[in-house]
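Two complexes follow with chain A in common, the first pairing it with chain B and the second with chain C.
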Partner chain A sequence: MTTYVEPIIAKEETPKKKKGKKVSHWKTNLFVFLMLLYPVAQFLIMWFGVNINSIFLTFKTYESGELVWVFQSTALQGKGFFETLFYNYSTLINSIINSETTQSMFKASLVYFIISCLITLPISMLFSYFVFKKILANGFFKVIFFLPSILPLFILTMVYSLSLGPNGLVGGFLGWFGVDATEWLSNIFIGDNAKWAVWIFCIWAGIGYDVILLTAGMSRIPRDILESCKMDGVSPVKEFFKIIIPLTWPTITTLFIFGMMSVFNVTFQPFFLVSGQYDTMTIGLHIYQASTGSGLQEPATLGLFCSIIGAPIIVATRWGMNKCFKDVGF
Partner chain B sequence: MFTKLKYAIAKFFRNKHEANAQSEYERKHDTLYKRHGVEKAVFIVVFIIFAIFAASFIFPFLWILMNAFKTKADFARDAMCWPQNFTFDSFIKAFTFSNRATSNFNIFQMMGMSVIVAGFGTLVTVFTSSCAAYVVAKYKFPGRSVIFGVVIFSIIVPIVGALPSQIQLMKAMGLNDKVIGCIFLYSGGFGTNFLLLYSFFKNLSWTYVEAAKIDGASDFRIFGQVILPMAKGPITAVTILTLIGLWNDYITPSIYLSKQPTIAVGIYYMQQTMLATRADYPMFFATIILTLLPIILVFVLFSKTIMENTSVGGLKG
Partner chain C sequence: MKKTNLVILSGVAVLGMLASCGGGGGNSGKSGEQELWICVYDGGYGNKWIEDVSKKFTEATGIPVHCDVDTSILDRIESALKNGGDYDIYMSHGINWQSYAASGWLANLDDLYTSKVEGFEGTFADRLSDEARSISKITGKGDTEEHYYKVCYTQGAGGLIYNMDMFEENGWEVPKTYDELKTLCQTILDAEVEVEGSRETVVPFAWSGKDRQYYWDYPVFEWWYQLAGKEKVETVTKYLGPTGKYADGYEMYNPDSYYKEFIQAYDMWWDLIANNSNNSIKSSYAATLGSAQSAFVNGKAAMIPYAQWGKYELSQIADDETLAFDIAMMPTPKATATAPDCNYMVGYGDSMIVPAKSSQIENAKKFLNFMATAEACRTFVEDSNGAFLAFDYSNVDLSELEAKDTFTKSVHEKLSSECFGLSSTNPITYRTVNCVMPWPNNVYYYQEACSKPSENSGATVGAEVYKIAKQNWPTWLSNSNLSD
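The block that comes next holds the complex of A and B.
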């Protein structure tokens, strides 16, 4: 008897369920809309809005304290169409060709490619191999490598420059051994030495971040692989180059890309250490300082110029590096 | 309550001790980490290099801590010796220091600003990121792939020099020199936090949600009472990492909140007066120590969460 009734109830329920689904569909749409409303609006303003405005800025110029389109400028009247339109760009290219300050700025920024990608990253790869291989006190060293990531950059630069300063820790330490380095140390943030001081700081403070990410990448390597290496008698050097590097390649790629971006991103290291003097001015710092002034079109043009040149190179490098090793899921 | 706290602290250290003992045992007895001959020698050499590297981080801070207890004259005479006239004066001065450069904010007011700006900024951005990540990961709606594509594009392709335009836009919106402006800038839901939470939600089983749906829960209720509790781990990690990042952020508050400095900006202003004008090094050292205290506290409390999760964010970038 009961088995006979059940299908009828089921039949009755089906239309109800459909109705319920329709209602929930409308509600779900509302839910999706509300959840995305703020993030999308914020993104539209702070990413699309900002970048489109940035492009607009490169076609504007200052005239009696106000930003106007290049065509409205009285100073540019009488010039040709393209000459007026690309006025900011031609000014920039002129300064790249002729101005020594601009050239030194580009050079100083490009050095950070070497520092981040060719010095800090390889050192970090070696360091993280040893941390991964559980060198004595590896837990303690991990905390040390972590410090630069959690301390404010300004405090790190201050600690660095005060320790190296004339009455600082390094001078005092050397003094214990009878070495009088006062004169050398008082010149460390001046003149040609200043560049080196900033570069060494970038390596010193940059290694930690890379090591942390790389050891995390390495810790995901399955133990079986390492065990079979050990059993087959693979030498550590071979293990490092043939096993560890290919298996952590995605992390290495990411860090390499970060390193390439540092050409444009290094801003406050030279600012806090030497106020951007002595040929340490970078693109990032110049844009930061110029943005707080009045001539907004100039840093905007420089930024767009760098993006147009830099972005394809970086995207291509990422693509190329992803091709290097077969992606292994583990 | 006191005994409870005592117990918690004892438990914390006991756990730490046990973990250390465990890893030490592994290191010593695991065949994977058995080393011989040249390999052993290389490890000793690298250990010495690591020790020097670690010393280069620790000793400057100890040196600063030691000199913070000296008088100005003592420091000028000898920066390396133990404090002769042990004094807390520098700390007291650092507590109350404020002048025009810092907009008459003292160190506590600056920290308060940091708590407000970084705290609310973190709360808002973590919340918007989780909302956006959950919806994009789990719901099918028109424009979903467009949103995801644009977000990935915005993260992969570096855009240099958006700052001038950003400043102009913020001024146009009247958000310059306002706390809410800073929080608005931080409040984005489509940064790296989005990617981290997206991959978490993507792998999350849908059966709980189906069960809740059959029981008649609305989507909001499911998100609040089923999804968020399940995502507690990654959300805590993201929150702490974002908090540290925003607490230390210099660029945004230095531009948009220059008259109400947060601690990260304020300490730069203070340095200009304390060192350049007054040459009062011990006072500046005391300021550095005070500034570091909250960061160290957070790091000690959450070190495990922080150290285990920083990596994940970076891998996705």
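The block that comes next holds the complex of A and C.
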């Protein structure tokens, strides 16, 4: 019975398969084309187009109501070739050298490297380890850490500033213990304190994001490795530094790179909390605010300048970090 | 079959995603239709006025109007003007109209200004003050001379709003001079008037340092104007140097010469508020707007710095949206006894514009023309609880309204005094946003001055302001592509 049926099926299916192959080949190509169309278009328009346009902007200037190439500007006539070509860059560099406002902006931005990479990330690593080890009330801590990551930034800054306001949650809490902290709380977002308030916010809000990625990375570590550590009597500290960190190094590298990029990315945290006042203006916030004016060449030049300085440093750091724990894997 | 469906679905999804990346294009979709789309910034005037005015306009012309009141206009206006958006008229503060006109994105409104307004003898231009007309003209793209590209939206009054009932009950006189204001503050503190349902006593001022410290600008600017005089203030706001060139325009911030009176005015405020913390509700400098409003509405303070939208906003947080007492805006107590009464035109830089890509330009002009009629002007005042459009109200009968609303009457009276604005036509002011303005770089000192009074006196702040302007001037100048 079996030997009789099989050849018939084979005979009948052969031509069908051939026909089907031709059709599916055409359909597959169409499918692939349509699937690629959007990401390619997205790349060309939103990345390539935008970036090329930004680069062009750095060689333009504002004249008679519109942005024109620097060489077309009548105000720049009579200047040398390079002086004209790099007019926007020389303006920026002069500003960095001479203006305390610009210097303060760069300093305020660079601080976020320390905050993100050297404070938030190590703290996140520790907390992630606690969560991973399922210490007491780890579920509660998970919520505490994750909550800032799922709320919109505006809400988060509002909650933070209202809680720390003179009549906020913290003031009320301290009031139960007879502590009148109104004056102290009134000054939290003013003057030199403002910077600290923004930095602490960034640490608090940043931990959640890092913890999410790190716990995900840690959860992929095979249990048998950890069980063998336990059987060998490895202490938690040793386990953290010798096992957990090497095995989650790719995640740590990614988060470190993200942290470095925060130098240019921190934008709305100081804006929502203190309106960018009291030396909290960052490069990102300045670019955002300057982009609402008509002189778009200035934020474009600043952006490109930062990319030129920042990109090689970030790439070199990534390369260096990838060298570490190269032979560790599971 | 399944594969075919998958391919079709994928195609539809991709096309859908691509379509969603497209611009607004609302106008192109309704070109030919007789419908006007208006977008108004939600800035304390409510939406009732625009709905009522639109309704009356539709009744008069038969043109339907769709209006949206929105707080995010400014985020997308540039893109909408450039690429074509949904609206035929935009009304907001902070519209960078000079730049848009220079880019060719705004409709020329010259014929609107020469059109007749129903119920009036003159033209639309005659319904506006000289200053309102002069700050609405610019040389746009392709123009050889100046043309009108905007209409001023509101004319405002800012200053000190006071609780009339409280003043009357306690026999407090409205102060006419700065010295009288200082005396009044002491009188209020000495009176120790108890706040109903609280152990607290009434203090002179409630204000918000966290959200609205710039409301103090309103009395401070008027003191500056009174101390310096019209001519000097106009000289400063041109932001040209002593030689008439752009290059040393920062000299306008020199606290020893051009900006001397501005710093004096700030010092007056400093002495009244920063150096006398008892004159404000505790921690006002860190309070939110809501806290300040609530304190005033609940009778904890006798005065609050505010502007013409004050009654509308304060009513919003009161029970049943009605204040339990009458309020009025006092003429700002004069800097000196002999100084003239004056009014800083809050919001005079606000604009009404028509996109060049609108398909309803003529209807948009008709609507703007309708806004200049007595009926529309009156409706705006009534619905916004005392705010005024930028048109001339001398021929608009508000007697009925003013008889029942003390606030409207007080604002109207304040607008009748010598009015001045601080808008500048210097290109640096609109090519570098938030840089060149009375407080350079948009940095205010009121809040910090209350936190650390000794470090923020007039002398310190004056030197700081001058330093900021001087250091950044070359950059601002270069970014505006202006040499000398």
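Assume the second predicted complex is superposed on the first by the 296 of 330 C-alpha atoms of A that agree within 3 Å, B and C clash if a C-alpha of one lies under 4 Å from a C-alpha of the other, contacts with A are read in each partner's own complex, and residues count from 1 in each chain.
What we mean here is this: a residue touches a chain if its C-beta (ideal position, glycine included) is under 8 Å from a C-beta of that chain, and two chains touch if they have at least 3 such contacts.
The model shown is predicted, which means the values in this text are computed figures rather than measured ones.
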Combined model on chain A where chain B meets chain C, clash or fit: clash
Partner chain in contact with A:247 - chain B first, chain C second, else both or neither: neither
Chain B versus chain C as contact partner of A:189, first or second or both or neither: second
Touching partner for A:100 - first (chain B), second (chain C), both, neither: second
Touched partner set for A:149, first chain B, second chain C, both or neither: first
Contacts of A:167 with chain B and chain C, given as first, second, both or neither: both
Partner chain in contact with A:51 - chain B first, chain C second, else both or neither: first
Partner chain(s) touched by A:108 [first = chain B, second = chain C, both, neither]: neither
Which partner reaches more residues of chain A (counting touched residues only), chain B or chain C: B
Contacts of A:27 with chain B and chain C, given as first, second, both or neither: both
Which superposed partner A:35 touches (first chain B, second chain C, both, neither): both
Chain C-contacting residues of chain A that also contact chain B: 24, 27, 31, 35, 38, 45, 162, 167, 290, 292, 297
Complex interface listing, chain A residues touching chain C: 24, 27, 30-31, 34-35, 37-38, 41, 45, 61-66, 73, 75-76, 87-88, 91-92, 94-95, 98-102, 161-162, 165-167, 182-183, 185-191, 277-278, 289-290, 292-295, 297-298
For the chain A and chain B complex, residues of the former touching the latter: 24, 27-29, 31-32, 35-36, 38-40, 42-43, 45-47, 49-51, 53-54, 56-57, 67, 127, 130, 133-144, 146-147, 149-155, 158-160, 162-163, 167-169, 172-173, 175-176, 204, 207, 212-213, 215-217, 223, 226-227, 230, 236, 250-251, 254-255, 257-258, 261, 264, 267-268, 272, 283-284, 287-288, 290-292, 296-297, 299-300, 302-304, 306-307, 310-311, 314-315, 318
Interfacial residue positions of chain B with respect to chain A in the complex: 20, 23, 26-27, 31-33, 39, 42-43, 46-47, 50, 53-54, 56-61, 63-64, 75-76, 78-80, 128-129, 131-132, 134-136, 139, 141, 147, 150-151, 154, 156-169, 184-185, 187-190, 213, 218-220, 223, 244, 247-248, 250-251, 255, 264, 267-268, 271, 281, 284, 288, 291-292, 295, 299, 303, 306-307, 310-312, 314-315, 317
Touch list for chain C against partner chain A, complex: 3-4, 6-7, 10-11, 14, 17-18, 21, 74, 78, 96, 99, 101-104, 139-141, 209-210, 282-283, 285-288, 291, 430-434, 441, 443-444, 447-448, 451-452, 467-468, 471-472, 474-475, 478-483
